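Please go over the structures that come below.
Here come two complexes built around chain A, the first alongside chain B, the second alongside chain C.
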Partner chain A sequence: MTVTRPPAGMLSVLDRPNSYIGKTVPRPNLDRLLQGRGQYVSDLELPRMAHVVFLRSPYAHAKIVAIDADVAKRMSGVISIVTGRELEAVITPWVGVLSHLKGLKSAPQHAIAVDRACWQGEAVAAIVATSRAAAEDAMEHISVDYEELEAVTDMRTALDPATHVIHPSLGDNLAFERTLNAGDVDHALLGSEVVEADFVFGRHTGVTLEPRAVVADWSAAEGRLTIYQGTQAPHMVQNIAALHLGLREAQVRVICKDVGGSFGIKVHIYADEMATYALSKLLRRPIKFVADRVESFNTDIHARDHRCRGRIGVRPDGTITAFEIDDLTGIGPYSMYPRTSAIEANQVVNLVGGPYLTPNYRARARVVFQNKNVMCQYRAVGHPIACSVTEGLVDLAAARIGMDPVEIRRRNLIADDAYPCASPSGMKFEQLSHHASLAKLLQMMDYDALRAEQAALRAKNVHRGIGIASFIEVTNPSAAFYGVGGAKISSQDGVAVRLDAQGSVICQTSITEQGQGSESLTAQIVGSVLGVSMDRVRVTLGDTDNTPYGGGTWASRGAGIGGEAALQAAKALRQNILDVAAAILQSTPAELDIVTNSIINAGDGAPRMELNELARIVYFRPDTLPPGIQPELMATRHFVPRQYPFAFTNGIQASWLEIDTDTGFVTLLKHWVVEDCGTIINPQLVDEQIRGGVVQGLGAALFEKCIYDERGQLTNANMADYLVPMSGEMPDIDIGHVVSPTRESELGAKGAGEAGTAGAAAAVANAVNDALRPFGTKITEIPLTPQVILTALGRI
Partner chain B sequence: MKAVAFAYARATSVVNALELLAAHGDKAKVLSGGQSLMPAMNLRLLSPDILIDIGGLAELRGIAVRGDVLVVGALTRHVDLLGSPEIALHAPLLRDAVAHVAHPAIRNRGTIGGSLAHADPASELPACVLALDATIVVRGPAGERRIAATEFFKGIYETALSPDELLVAVEVPVAGQGTAFFFQEYARRHGDYAIVGLAACAVVAASSFSDLRLGFFAVGDRPVLAAAAGKLINASVTPALLAEATAALADELDPQEDQQATAAMRRHLAAALLRRCAAALLARPELEKGATR
Partner chain C sequence: MSAPVSVSLLVNGEPIDAVVLPRLNLADFIREHLKLTGTHVGCEHGVCGACTVRVDGEIVRSCLMLTVQAQGASVETIEGLSDSGEIADLQAAFRERNALQCGYCTPGMLMTAQDLLKHVSMPDRPAIREHLSGNYCRCTGYQAIVDAVEATARTRAERRA
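Let's look at the complex of A and B:
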């Protein structure tokens, strides 16, 4: 699309007298949520609604020989017990591949396992009853005859010829492999110091406050399925449900009101959700599935289980000459549907070395199948891996040549005036600000003073460390992410705005709200561009019947894509309003403006007419309008980035922490982030997104890990043993900004949702190594538990 | 995560509670604060036929000083231990320990009797009552029994309590002249179960210990009153002696391995706690770093 920008010095469409852009205004949904009036699927009750509970495989890999549910079927409250074989008649299996991820393969996955369960937690039967408790009672009386099969659990041996092949039809356990060779790595490394390390990342998961929840309601009378679901992508759910139930999309409506947290966990299609849709169709009544906490740990996608060998070349003057990685990740028995489980490894390849100048980069990533829960995209997909490997290597290189970690970055980060440019992996950068961000970070943290404090404390046997991590972030994804690979996941979004009969505005958007402020940013943009106060803007989202078609909210796309659609729709409506106003007021649109709910003279600001009055005339006295005028007080616009596949953002983080070398415990003292997400619509929402993201990254750094035993049993599937980050351990997180708007949209906003998560663990790991430098240790494994640190120190 | 259906009875008196226990035996569970019991039931790890709710028994509530004994009713909630002036004066170890028990929402409901009867080897209060040389008072069909804390804990979730008995109070000797306390635990996050913890009670005179009771927790199947303490009593505590005591402690403990720590790490942390405890109680910071480093 064409973007119009005012010449310098003139007001843009956003800099208007009652603009809300760049202002911290309260979120419109705040009172509703705080007063307990949120509408979560977990709370939804419908007439004749039944509850489904899934009997899940206790084995990581087992043949299902027989299922005996005779006793259970006769129990009180039980409506039906359905096996995978029986459900097959209603819903077809799927294969999670995308054509642009060449060579990616996976096996057909069923809504409920047929013949064989491939991970501990895969559903093998559905128990539908009048209450969840009744269904759980019945579940205890189903006996399943399993024949345990060999489980593939260690990704390092998954490709060995001696290892059992999980899906014989695929030939081996390799789901996907990508290699990249840019520049001349071998030549570059010849004249360099080469530092190498193995980076190990724990498997973890999203742990949303509200678990996955769905109510599916098949109306045989209408031939229509209504799905109430806490999802990030309602139109994607509509498409997939229709496809596998043999319906047209028009026969499926997806409603998604409030969602208690997503973090990427709820952007996928889960087998148990598909089973719930199918059960509703089969049993012709509303069926509710709400995952309990144990099920959440066993079935919500996991992420980040990577082992990555990294190498870096560096010259004595600090020039980084090359990066090389060999990444291995295990994704469970199936590639997740429909986004696939190859994206994270693919992102790692795309992003390693991204902030730096060197053109020499070689990478291999392999994605293997295992008999563990499925892995897929979770907040900041691939970024924490890529950032930890890159920044860990940069720090190791600096230590090797005796250079300060800041100095090596200063010498190697891409210059702020070098854009547009591309990374060795082909990522196109429109405008980044690594050096401005670094300068701002150093000033915020008072780097030199901190180094002095560190040295002084070291003399007293107090071990503190400073860790720095630059990063780039993928936001505003175009069709390059999924669409080109054949997935029916929209990369465009739409917004419709209309003036009601009293001059208020109703706005429908295809982006969704999971707590990050989509509703607020949409209202802020529409209110600002139209000239209407925010209290008169009502935003509707999360309903495939009542919003334009669009992608939803994921990959930091809501503000940048949905926000631009809102801006363009509001601009169009504004023009339509001014056309009508000019006719009524015997003026011209150019001579008029809308400010704070009134038509005014653009020249002298004199009030001419309230919007309320204009709406009254248009809707109730159109007979008084001049002939030939047909007012259109509704406008719809869509937007998708076309010029750049992604709007890359950048930033830098720093961690300041202390290690008790006697006990291995790490105390986080302070964390800083400088981030560049382009135009900031609501500073508070952006800062809190970043803080929340940092906390998620700190969880990965110190706490979170799904611990499997060698038989593929998840051994810590509860909130006592799986440690999420909590406020008591979190440091203050200071946030600063550099603003480089994208010129691909008039709004100029890029995403901010994943920046915090991208670099937090890398900053902490670097700080831990910095603190322990006097001990000669090198730790490249997260989470950095006391056990890991004491072991590295040789204390145990 | 829905509990199996169960019957529920709210006891009207201790006598009534004992009658209900007598009638239902080990098919019953006593509901006190419910902070461990209810999650276990929701996970279907426990499915008692009947819950006997003692929450209404005012006679089990309260903290009182009787002579040189502090009597803490079984239903005294953690939050009450935190705020009680009697506890602060006579048994501040309990106050210090309770600050580490989970989070405010849990401390508002959890009770001392519930915690002791539950006997989780990683929880704080069982180790405290060992260190304090407390007596557990239980009542059963045959009347009252008084069990020394050292005799009360028998294993993971196992105590000397019979299914027909009710834990009614804890008696703690009032802290005397020169008594000092130490409480510390290592947990990954505030409020988590400790990887290793130490509740200690000492009598310090002339810069040495005339008594020292070390109650370690999360180091085995029950809280451990460490015999290694004996090495430090009535002795001049040098770094070398302390090293001898930590070595004896490591030999004495038989900690489990779990997701948080290996046995070796637990021994290492227990030794660190012992050094920190001695350094703090004797006000000699140099002891903390040990003799060997």
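Let's look at the complex of A and C:
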């Protein structure tokens, strides 16, 4: 591990005896999951609970003329069949826009379609029954009279005057457009070699192993709705449910226990989830909705369906003179709520060229409506596109001037001592480490030896390639992401810490757990700062009634923001404990410390009093405390970054692969990542976040694509036809770190959750082009299926 | 064919008598009738492996098997393997190596890994990857799982030696 700079100040609260910071410790409470005794929403049953299934439009675009449910309503087990028009009385529609994305427009979306369905899979009726099977039986007996309408499916023609406008009230199919012009691109390109390419990205989706699941329980007696949901952002769900059901937020409680995978899929508000909340209120009983796999493919947000024309200018000495992009993406018929579907394109504009020195950058991004499933933010939002375009162009530029891909990066990456600085798109960088990361990567992969091996094998007609991709990653987002645009999505997080009556610690945090290790990092930080062993720290997450208010876990923010809140809360509690201890022991707080669950003398380490004894006195014998002492064995602190809108991180990835030029199959041999996420709380958890993220990116690079036909029908909405990475095709992934802590927090941690996904596909695409260099091909499309490769080779 | 049918089987060694619809699959029976929710449902078409259980010693996808087909069989779920201690070492290896994140694939993954370790004493990494290649994990990227299975194979081999 390379440390580019030490944390500010001297010995910090993290450098204490028995600190858990920087150590690999197993996550607490894993036995629950290892024994199959987790509590996922799919597992939940409540008394009188009914099940809802949704009848979904088979057409990409159709007028709903009539719905006949008479037969279905009389079937055994059926409780109610509800149409969009009927549900409107309970829940109001929404429009997914944010004011800081100027010009972003969308149309009102209903929980269940009213009069018109706008994508194949949009719900047109809800069937509530005593069991899911009974509801599905009844669904087959509902007859809907549809009038099929023209479907807009090709993003390239969505803005043509001849194309049908999906929402006539909006005037056209343009949801959002952003342009940027920094420096002088035209002038820069004049004296440069200019390389141009069209980059095409497959539309893919998250495929969480547990589908989206919600149980909504309206208590008419309490006037309160309890929502059990696998979500990344409980307080956001609370806000939105209350807003559209006409309730105060205090009337809504959101509980989130175990979540079977998320990756951004479960950070949004889906129409069928809103319908489930509303149905519970309407029918005054608990209602459960669990998407099946086909519904997941048709309704979980999709992502990355972009076509991006990119240009790069390069001089013979390797100097990159400019980047230019024209990005186009189709997002489905509505901008998703409440985070909107313009963020990915906006991020692409923000991030292209980000690791490099050139000040000349021009960009246009257009976001258009289509009659396909909605697109929105998925792990590493925009990053894989920006990284693939940038790094693809850099490699093409290197090839044009005959320079090694490593050398061109060395000459153009922002110097490690140039910070703080800003990118042409205005992104502020506090401290990045591109060159240290590159150097470490080359050493880990033994670049020169691999090049020699590649050359030797080429002589034997074995085609291997090396691909490299530098990247930057947005983490720890401040209010700049959503709050400034008017969304009630908190960018701050809070942690409450208290000492219980036996000297154990209970923490409540507003960040959430989907397996990243939020519980672990909170316990590690609190245990370290307080001087309490981790087995005595219990963490509560995912309950709006029982945690401080906060944003949750998304955009690589849990450790950096929630972790700092935990650190500050633990510091405050530690001071309170030492104040009480000093009073009891007739000492001063400065002369005392807490180590391994005991108060000790700071000077000689002599034990003075165990924490459980202190707790006993405080809670049961406060009469024995000196007069005027009121112990506060609970402390709450909140944190939000204020100085930097985002804590940018950086890293670099490399792929080593082999292509069978007869079959077009790619075999991934090895993958390397060097990443700089600042202070590392738990090295194992960081590495596993990166590995998991890389493999999601490898899926995008090689396999994953939602295939729509020209009528807007998703043709591969099942796991046999939509391919995801399985263990057999995945390589081992080596990970290294450079550590540049952020000085915006005492903890110094930045996010690490999306780094793997950001750069993996770019590294693979560059490696494929490197392997195929003798054939004179250039592929700028993912997924890199055998068909794509064989087509490029002219074999089919 | 749609009238309820009586079925008798052993689940984790416990005799179960039930009356079920012929169409009820074994995964739904285990989860909804027996409340053993450790058997997870991910795709309901036999691809993801989350619902893997053991029937008469062989691993099967319980979403692809009807409950009535388990008449007279011995079914073992993750809860049974956990309580008997059969996979305690494998579970410990998963914990130490963080070979699980969200945990949803984990019961099926453990079932499949234990099946491999019962049949092959010292599988190499490609063999482990191959045997697990019918179990989908979106979180880990598989390497930690392969490491944990490899480590368990090694310790079991050492114990035998």
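By our rule, the second predicted complex is superposed on the first by the 786 of 796 C-alpha atoms of A that agree within 3 Å, B and C clash if a C-alpha of one lies under 4 Å from a C-alpha of the other, contacts with A are read in each partner's own complex, and residues count from 1 in each chain.
The rule we apply is simple: a residue touches a chain if its C-beta (ideal position, glycine included) is under 8 Å from a C-beta of that chain, and two chains touch if they have at least 3 such contacts.
Nothing here was measured: the structure is a model prediction, and the numbers come from that model.
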First (chain B), second (chain C), both or neither touched by A:Gln787: first
Partner chain(s) touched by A:Phe639 [first = chain B, second = chain C, both, neither]: neither
Touched partner set for A:Tyr447, first chain B, second chain C, both or neither: neither
Chain A residues touched - chain C or chain B, whichever exceeds: C
Partner chain in contact with A:Tyr337 - chain B first, chain C second, else both or neither: neither
Partner chain in contact with A:Met726 - chain B first, chain C second, else both or neither: both
First, second, both or neither for A:Gly261, with chain B first and chain C second: second
Partner chain in contact with A:Tyr146 - chain B first, chain C second, else both or neither: neither
Which superposed partner A:Asp292 touches (first chain B, second chain C, both, neither): both
Touching partner for A:Gly206 - first (chain B), second (chain C), both, neither: second
Shared contact residues on chain A - chain B and chain C: 133, 292-293, 718, 720, 725-726, 728-729
Of chain C, residues touching chain A in the complex: 21, 23, 31, 36-45, 47-48, 50, 77-79, 82, 91, 94-98, 100-107, 110, 125, 128-130, 132-146
Chain A - residues contacting chain C, complex: 26-27, 30-38, 40, 42-43, 133, 206-211, 258-263, 292-293, 514-517, 684-685, 688, 691-696, 718-720, 724-730, 732-733, 756
Chain A residues touching chain B - in the complex, by the definition given at the top: 131-133, 136-137, 140, 292-294, 461, 662-665, 702-703, 707, 715-716, 718, 720-721, 723, 725-726, 728-729, 785-787, 790, 795-796
Residues of chain B defined as touching chain A within the complex: 1-5, 43-44, 186, 188-193, 195, 259-262, 264-265, 268-269, 272, 289
